[in-house]
Each structure stands twice: as structure tokens, then as C-alpha cells.
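Take a look at this one; I'll ask things after.
Which chain is which? They are A, B, C, D and E, in the order written, and residues in each are numbered from 1.
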């Protein structure tokens, strides 16, 4: 994630970050600019189509459908933003549950039981790191804290890694009950937090693996394409060569909305618009460490 | 579900998948095209209605109501999308609860109790498969794992199959308590997951069995029909024969929104836009298997 | 509820069901048609107001406010739809909780305790039927299963009937604990389901008894009225007698949105647009019956 | 709250209830009417500004911003409605929790313990009445049921009254446990309901005490004011004296939306649009009374 | 937070509070005014571009995109408002949980145990104050109540302060169980409230630390800038020097929406639009004090 101050207007207006939609759309903007130039040249200089041609009124279509396309794209971006924000909530909830689990374990497990305390101190952040990498389809053993009781080398790398961590944490809690360190009611106190790990994991997988319905996505792209391809035809008679920046700018606006939506609807990667999952993992490790010290 | 990369613009624009609304709407697009052609011919060549006829101003209606129809259809699609996404959340939640139930049972039931472990290892995924087929009004015994204690042959096929699985799972948990393997607090630990099965099933049935209110659906279709049927009349005087592609394209946009809404509001089938319930069932079986091994 | 297939376009376009807004609005459509006819006759034939009259520009108001009225009505319908859908969710949740309660009781109460099993088998569906009729302000004893331990004849008909059923169910559960059949933890297992009955009842009552705020409803109706009453004045000069179908159709659209909203915001009756509460009650009785057999 | 039938169109259109926005906005409508009249007189008769003056095109601004102002006001009203509806849900939830608490206590406390039963029978409705009056910043001892064990005279009137009732109810439940009448699991059964009282109270206080952000409210009012003040200037040249009803009606629409929003966003008073908290309190007292009899 | 009465229209329209967007946007309004003046002078007096220039039709772009920009900005403001309101809900929930925890502890801990009661009486409000300051990245020991058992001087100021308070509160509850003052079921009664502290803290941190996605924010600012910079060009031919107030006002509207959004999306500071966290902390201290007296 790019860390930025939303109040710095100047920087936003004149600086083109590599995640800026202007740069992402550049090839398209150039193509549509070239297309408009050629079309304008042909109509004005070559075919010399007059102002009374019916084709001029094709701009009626752009007015009539201007509202639908705007609304569809604004809703599209908002739906994508909702997923992004849901992703952020899930990771925020992972922070909360990790902290709550840590502070409960800290009080419940006696100070002398160094081994158990070390176990949770290592495993709670490990789950977060494992989840982060699982969502990026990678496995980074060096980010995990190794433990004698649950060595990284024994992880089944082809299987679901966060699931293995969650299983190990639950098993340890039960083992503490069997030893009489945790009482029955303590188990119930920990249940919400223990449940939350796989719930968060599953919800992130859902966001990651479910793009918007195929027909909808396909329809939107076809609509934008036809709308912009016919745009110069209708406006060339009133704008002449000015139609070129006009079409490029309109396409920039509509295309940006679609591109932003595509960027933010899968928020677990490493792009400028993705969630700061790396730093959230660090927060979890720091907080859990503070609680146990 | 079609698996696709939302960033492949070219493919989306020029490829017409069989789930594409262009193909679904083809007969309608052809009819409305023919209707516009005949109307244009009659008005221009035969009746020779002049530009000063009042009928030309009927396009005022299309401007005035253009906003309402756009907004209704965009909201319609969004409501349908919300159902689709709710369906996805429910199945995501089934994954989470299946995994949590599995990892809890794995720790709670001693390794020696092979029979109980095999029971849950088979029955948790069985519930998912049974639900998937129940929502498709089919019964596929070959997708279910057979168990001596709960043989597929004893399923009441005319009754609610997922309910029979959920009942059997709960009964088994209680039986384990009676044998003293599970303690009272363990029952409470498992309660959320056990409750979730029938809650998810009921919510999916709700989405599947409840189309939008009859009057609303009927009103929308009448509105689209009258709007498009009168569309060429108003625009024929400014566009002449260009009115034909104009009307066809406008109908394509409005019709697509309605067709997409109809496609995605019942997301449990096997269409290109439906949820990947088959692969979610496989995920559940794989995850549960991994936990118990 | 009318059961229908949303994909049958032909039927929707050409068939006017008695719940169709066309039929509901018929008297209004005829009145506004007559009004427009008279006005058109007076302006065109009698007063002979020319095209340069200021009054013609009153249509500027209709453009300027066209967006507000559209948006208000679309939001109005969506709010009503949200209530309708919330009502559906509540009844879906009643199905879920009835099934979960039944399957838990089935495992918890020994097979020999015929009386208790018969009690729950009868009372869980009875609650649903009682709630359905309570929301329709009726009392239909013949839909309820009579029980020796809780005879219909002893119901206080002037008091809150669903509350009496919920009280009896809870009392029975506690009685089973006192007899030692249910253990403390079993009580907690059943708590969610037992709580849900009155929560669902109260939420349905809330939807039923709370129309949208008085000022809002009054304002909307006045707005639609003035908007449509002045509509012919502005458009008569460009459309002449064509203004009559124009005004009738615009009123049909705006009025339908308000009428649909009024229909669906109280979804517990017996109209074509109401929720299928009767068949949901049957589902509950069938499911509960299947569990106990 | 005014109790009304939303289907009585005639009454709504021609009857001006004292809560009607027409009456609330009357002074403003008259002022803006007078302002428009004077302006029209000056421009038409005195200054004789011609149709070719630039000032006429100021109406371009009203078209360009017409959409923003409409959308802002419609969203404003919807946000206010959401608060109103959330308030309604909270009071509905108070009904549900009061009934559930009553029916649980009814089964849990033996019939012989008249004093305890009388305590809850009085105190549960007392909480609702106290909350209702607390939200109206009043204290009405005559609405409360007096109890020997918790006499109204001992209430700290300058402190938080609902909090005192909630504290007393919880203390009583604990006292019943100490006496051995309630068992540990019964305490857990009652926890949701006991928690809900102060949660509902706090949520109502939140709605009541938090108007929309200052800058937003200030901005909206300035926008409406400038928009309407400049409205006659732009339209006077096409409408002449007809601009007067035109401006008054547009202001009526925009002003009503803001006024309705202000009315309904604090829904706990005694106005025509406020929630029926008085009758909800009665419902609670009646229901609780029925359960204990 | 500024405390205000939303019904005082006069004050809102004519009074420019220092948080008013007019004052915040002043430098921008002056710049864009100067820019428009220079441009108008150049076009009208110097370059003398005629009315038939193509450049005049650039206003077509402003119509076509007027809807997108309006909708984007209105949605932007609404998203920011949703965060602001979520922040308010979280602090409201902190009030509720603090009160519920206090009233439960008050009944559970015997009157004689002065030390424990003093502990909770001090620590519950301390958490709220610590959270408030934590969100403002400050530390104000003088707002905290000092306790012998948890002296402010022993706080790790560089670590997470609210986490230290939440840990201490949970530890104390467990210690009371070990002493036999609290029973197992009492621990479960307190669990929701104890969990809530860090959940609220984490959710506030999430709102504070997550601005809207970078690309989206950057895109919006570029869009507003280009839209307003080109605005005078299109309208200068119909409005001449009147284009100056026109452009300034349009920019005021669009800019205000963005500025309001930026103001309210981080609601935990001390600005006029921020939440009244200081007074909420006082409410918590007062309520908790009342319960324990």
C-alpha cells in the first residue's frame, strides 16, 4: 500500500505514480487518440461529410445511455471498494482476535509455563504471516518463527498452511485443559478467538477467488468499448479536431473507473492499492510480543 | 462458473461466450431490429411523415423516463448481485464451519477412536455435497462417501437430505458426550458449527426460492418493452435508417441488465455465472481430509 | 405469493394479472387520461393558446425535477423491497431455528419419552402457524395441532398467541432439565433457538406496524400529484393530442413505483406479492415431522 | 406518531396535517415567493433586461448542478431515514428482549416466589418507560410502577435513570443465584437479555446526540439557499411571471427533503414523525403482564 | 465537535464557522476566480474568439461527464460519512460495554472488597481515555486515574497503552476467579464486555489508518481539477464575465464535497467535525462512577 496524505492536492494532481490510472491506461489512451485522429481526418478532410448527415445525431445515443454507463461504472467501483473494505475489516479483526487471544492466554497460563507461553507467542503471529502468504500463493518460511514443538520443516507445504497453524493452536489449548491448567469455562472464553482464525481465512479466500459474475464483467467491457468507439462519430461535427482530447478524456474517466475496480477488488497482493497486510502482520507480532513480556 | 481473468479486455470485447448476453438476447435483438427496419421503411418511404409531425416529439418521453429506467435496471442488477454475493458468503461460511468443526473434532476425539473420526471425516463433506445437490433438486449418491453407520441406501430420498445429515452429525456428537469422550464444555465449543449447517441450508433455500416480487418483475418487463417499442418512433426523424442500430444497441444495454439480473439471482445452478459450488465441495473434502490425517 | 418464472417475458408483457399495477392504477390512469384530454381540447381548440406562451416553458420544471422524483421513487421502492426481503429473511430464519431445535431435541430427548417428543413435534410448527395468523390479525385453531398438555381451548385468544406458545416451549425445556433429562449444557445448546422465536415475532411486528414516516409519505404523494397534474401543460405545445398517452404512460411509471412500494412493504398478507408464509409454515411442519420420525 | 393508511391517496394530497412540510416551510415559501415577485417585477417592468442578456444563461448552472443537489438531498433523507429505522429496530429489540426475559424468568422463578415475580413484572416495563423519558430529557414517576424493594423515591433523579433500573435488574438476578433459585447455566441463559438493556439505551443516545457532521449540514443549507436564490434569475426570461410558482414549487421540493431529514433523524420525541415509543412501552407492559399471569 | 442545532437555518447560511468549507477552500476559490477572470479577459477582449469557434462546444463534455463527477463525489462523501458513523457506533459501543461491565462487577464483587471495586471504577474509564489519546497519538497521564495497583508511572509509554489496560482488566477478573469471588459462569457473563475493548480499539485503528485506495483518491482529484480548469472555456461564450462566479460556485460545490469527505473520514481528532470523544470519555467516567456509588 502507498502511504499518503489525502489532503495533498498538488501532489495528486501533477504527480503520476506508477499505480496511477493514467499510466495503466496509457496504451489504450494512445490507441483511442490515434483512432479519433484518423476518423476526424477522414470525416473532415476526406469524406467531407456535412453537418446535416444523420450520423451526427448518433450523439443522441451517448446522451441517452450516458447515465446508464456512468451509474454502472460508479456502482462497479463501489462494489469493488466494498470488497476492499471487507478485506480490511477481516485483517483488522485478525489483529483484534490475536490481541484478545494473547491477553487471555497471558493471564490464564501461569508465568512458569515458559514453553506454552512461547508457543502462543510464536504461533499467533505465525498464523497471520501464513495467511498473508497463503493469499499470495507463496510460502516464506523465513517470516515464520520456528518452534521446537511445531517446526516449520514439518509443515505440509502442499496442503493448507494456515489450517495447520489453526489446528495446532486449538490442539494446544485442549492439551492445556487436559493438564488441568485451563478450566472448562476458560475454554469457552477462548472459543470466539479460536473460531475466528479459520473464519477470517475463509472470508479472505472468498474475496480473492470470486470475481464479479462473468456475464456482468463481459457486458461492461463491451459497453464501454462500443460507447467510446462511437463517441467521436457523434461529436466530430460540433468539435472537429477538438474531438480528439474530448474522446481521450471521456475514455480516461470511464476506463479509470473500471481499472480502479479491477485493482482494488483483490486487495491481498502487493500493489500500491492493496491492503497493508505486511505491516498488519508486524503489528500482530509486536502486540502479541508486548502482551507476553 | 467460468474462471476468467478480469483484466483480459481483448478477450472480453471480441469473444462471445455462450453465456454472453449478446447470445442470450439474439432472438430479441433480431426481432427489434426487424421491427425498426419495417417501421423506418413505412415512415420514411411509404407514409412519408414529415419532420414537423407531433409524433417526433415522443422522444421527449424517452429523455424524461430515461433516468428512471436506467436507475431501476441498475438497481435491479445490484439487488441480484447482492443475492449472488450472499450465496457466495454462505458457501464460504460452510467452508469455514466445516474446517472449524473438523479441527475441533480432530483434537477432541482421541486418535484411537477410528470409527468416530472416520464418521466426521466422511459426514462433514457429505453435508456439503448433499446441500449442493439439494439446491439443484438432484440426488447423486456417487458423490457421497458411504459409511457403515450411515449408509447412503438408508437415506430417505424423498425427504430433506441435508437435514438427515445434519441430524446424524448432531446425534453423533451427543453420543460422544454420553460415552464420556466429550465433556459438557466441548459440546458448547461445537455448538456454533453444528447450528451453522441448517442455517446455511435454509438461507440458500431462501435465495433460491424467492424471486423478486411479482408486480415488480412484471412492471419492469412492461416498462422495458414499451420504452423500446416506442423508441424508433421518436428518433427516426433525426436518425432515419441509423435508428435501426441505435434501437438495437439501446435494447441490448437495457435487456442485458435484466438478463444478467435473472441469471445471477439464482446462483446455485451450473451456468457460467453460477457459484462454483462443485469446487467448494471439493475444497471442503480436501480440507477436512487434511485435518484428520 | 404468485409463483412464477422470471424468464417468461412474453407472459409478463402481455398478461395483466390481477396484482398487476396496470389494473391497480386503472381508475387513476383513466382519470388522468380524461383530464389530459379535456385540457388538450381547451388549450388547442378553445383557448387557442399559441406556442409562444410562457406556459409552454413550464416543462423546464419537469426536466429540472425529473431527476428528484425518479430518484425518490426508486429509493422508495428499494426501501420497501428491503423490508420485504427482511421479512423473508426472518421467516427463513424461523425455518432454520425450527429445524435446529427439532434436530437437537430429537437427539436429546430419549426415544421412550413419547409425550415430550410429541409435544415439540406439535408445538414448533404451532408457533409458526400462530405467528402467521397473528400477523394477519386472525386466529385459525384448525391450523394448529391440538395437544392434551397445551390444548387450543386454553389459549387466551385476546392475548398474544405466539408469546403463549414460546412461553410453553421454554417452560417445557426447563421442566426437562428439572427431571434430569436435559443437562445444564444442553440448555445452553438450545438457547439460541429458544430466543429466536420471540425475536422473529417482534421483528415481523415491527415491519408490519411501521409505515414510512408520515411527512415523507405525504410529501411524496403531493409531489407525484403536482408533477403529473402540470405535466400536460408543458408538453401540449409540442405533442398536441399525443400528450394524452404521454401523460398516462409517465403517470403509470411513477404511480407503479409508489403502488409497488405500498404493496410490498407489508409482506405478511395474502396478496400476490406477499411472502409465501403459508407454504413456509408447511415446510416447518414437514421438516419437524421428518426429524422426529 | 401519526397512525395512517399509506394507501389513502386523496387524504394525503389534499389534507395538510400540521406535520406537513407545506406548513413547516410556509414562512420560507412566502418569502421566496415575495422575493421572486419583486425580482420578476424589477427585471421585466423596471430594468427591462432583454432576452439576450448573459444573465439568462445562469440557468446553465441550475442544470449542471441540478443533479448534485438532488442526489445530495435524496441521500440526506435516506441517511436520516436509516437512523429513524435503526431507532425503530432498537425499540423492537427492546420489546423482544423484554418478552424473552419475562418468559424465561416466568419459568425459572417458582410460582411461590411472589416477590421476585412482582419485581420483574414491574421492573422490565419500568426500564422501557424510563428509557423513553430519558431520551426526552424528562422524568415521569407516574408512568413507573412503584415497588417496595426499589421505590421511585429513591431514584437518583440527576443521574442516569435507565442505568439504575438495569443495575437493579442484574443485581436481582445475581441475588437469585446466591439463594440457589437460579443455577449457573440459568445465568448464562439470561445474559443476552440483560446485556441488551444498556446496549439499546446507548444506541438510542447515540442516535439522539449525534447530528450529521457540522460542515456537511452547513454546506447543504448554503447550497440550497444559493441555488434557490439564483433560480428566478435564470428562468425569468422564459417564464416571466410564471417563474414565481416555479421557484416556490422547486424550493418546496428541495426544502421538504431537508426538513423531512431534520424531522426524522431524531426519532424519539413526540412529533408526528417520531417513533411510537409510548405505545411500544405499553406493549412491553402488556406482554410482560400476560407472561406473568 | 461543534454542538449545533440543525434547524437554525439562518445561522448556517450567513455564518462562516472556521470549519466551514468556504473558508477551507478560500485559496482555491480565489485562484480559480483569478484564472477564470484572466481567461475571460483574454478570450473576450484580446483573442476575440467568436461564438462559432469549436472550443465553445467543449461544454458538451461538461454535460456528458457532469453526472459521473456528481455521482462519484456524492458517493465519496457518503463513504466518508459511513466511516464517521461507524466510528461513532464504536464509541457508543464502548459506552455500552463500559456500563455493562461496571454494573455486572458492581453486583458480582462484594461491597467489602473496596480495592477491587476501586480498581474497576478507575480502570474502565482509563481504557476509554487511553484509547482516545492513543488515536490522537498523544499520551495524557493527567486524564488517567492513578491506582496503586496499576500506577501510571509503570505504563510502557512506547508500547500500546490501551492494550496494557485491557490486559490488566482481564488479569484482574481472572485473579478474582482464583480467589473464589467470581464463579466460572460469572467469567462467561463478563466475556463479551472484556472482548469488546480490544475489538473497539482495533476497529478505530482500522478507520484511522486506512484512507481510501490511492488510485481512487488520485483519480478523483485529477478529475475535479481537469473538469473545473476547462469549465470556463465552454461557458464563456454564453455567460461572458458571468462565467467567473459560475465557475467559482461550481468549484465550491465539487470541492466542498471532497473536502468534507477528507474531514470526516478520520473522525478521532479535535476538529469541528470530529466525534465528541472527549465528552464520551466523560460520560463513561460519570456512568461508571454512578454505578459503583
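One rule holds for everything that comes next: a residue touches a chain if its C-beta (ideal position, glycine included) is under 8 Å from a C-beta of that chain, and two chains touch if they have at least 3 such contacts.
Remember, it's a predicted structure, so these values are computed and weren't measured experimentally.
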item	value
Co-neighbours of chain D and chain B - touch as defined	C
Cα superposition of chain A on its sequence copy chain D - rotation in ° rounded to nearest 5	145
Chain A and chain E, separation of their C-alpha mean positions in angstrom	23
Centre-to-centre distance between chain C and chain A (centres being mean Cα positions), rounded to whole Å	37
For chain E, residues that touch 2 or more chains besides their own	63, 67, 71, 184-185, 188
Chain A residues touching chain B - in the complex, by the definition given at the top	54-55, 57-58, 60-61, 63-65, 67-68, 71-72, 75, 79, 156, 159-160, 163-164, 166-167, 170-171, 174, 184-185, 187-188, 191, 195, 198-199, 201-203, 205-206, 210-219, 221-223, 225-226, 262, 265
Interface residues, chain C side, partner chain B - complex	1-2, 4, 6-7, 9, 12-13, 17, 19-22, 62-63, 66-67, 70-71, 73-74, 77-78, 81, 84, 88-89, 92-93, 95-96, 99-100, 103-104, 106-108, 183-186, 188-189, 192, 235, 238-242, 246, 249-250, 253-254, 256-257, 259-260, 263-264, 272-273, 275, 286-287, 290-291
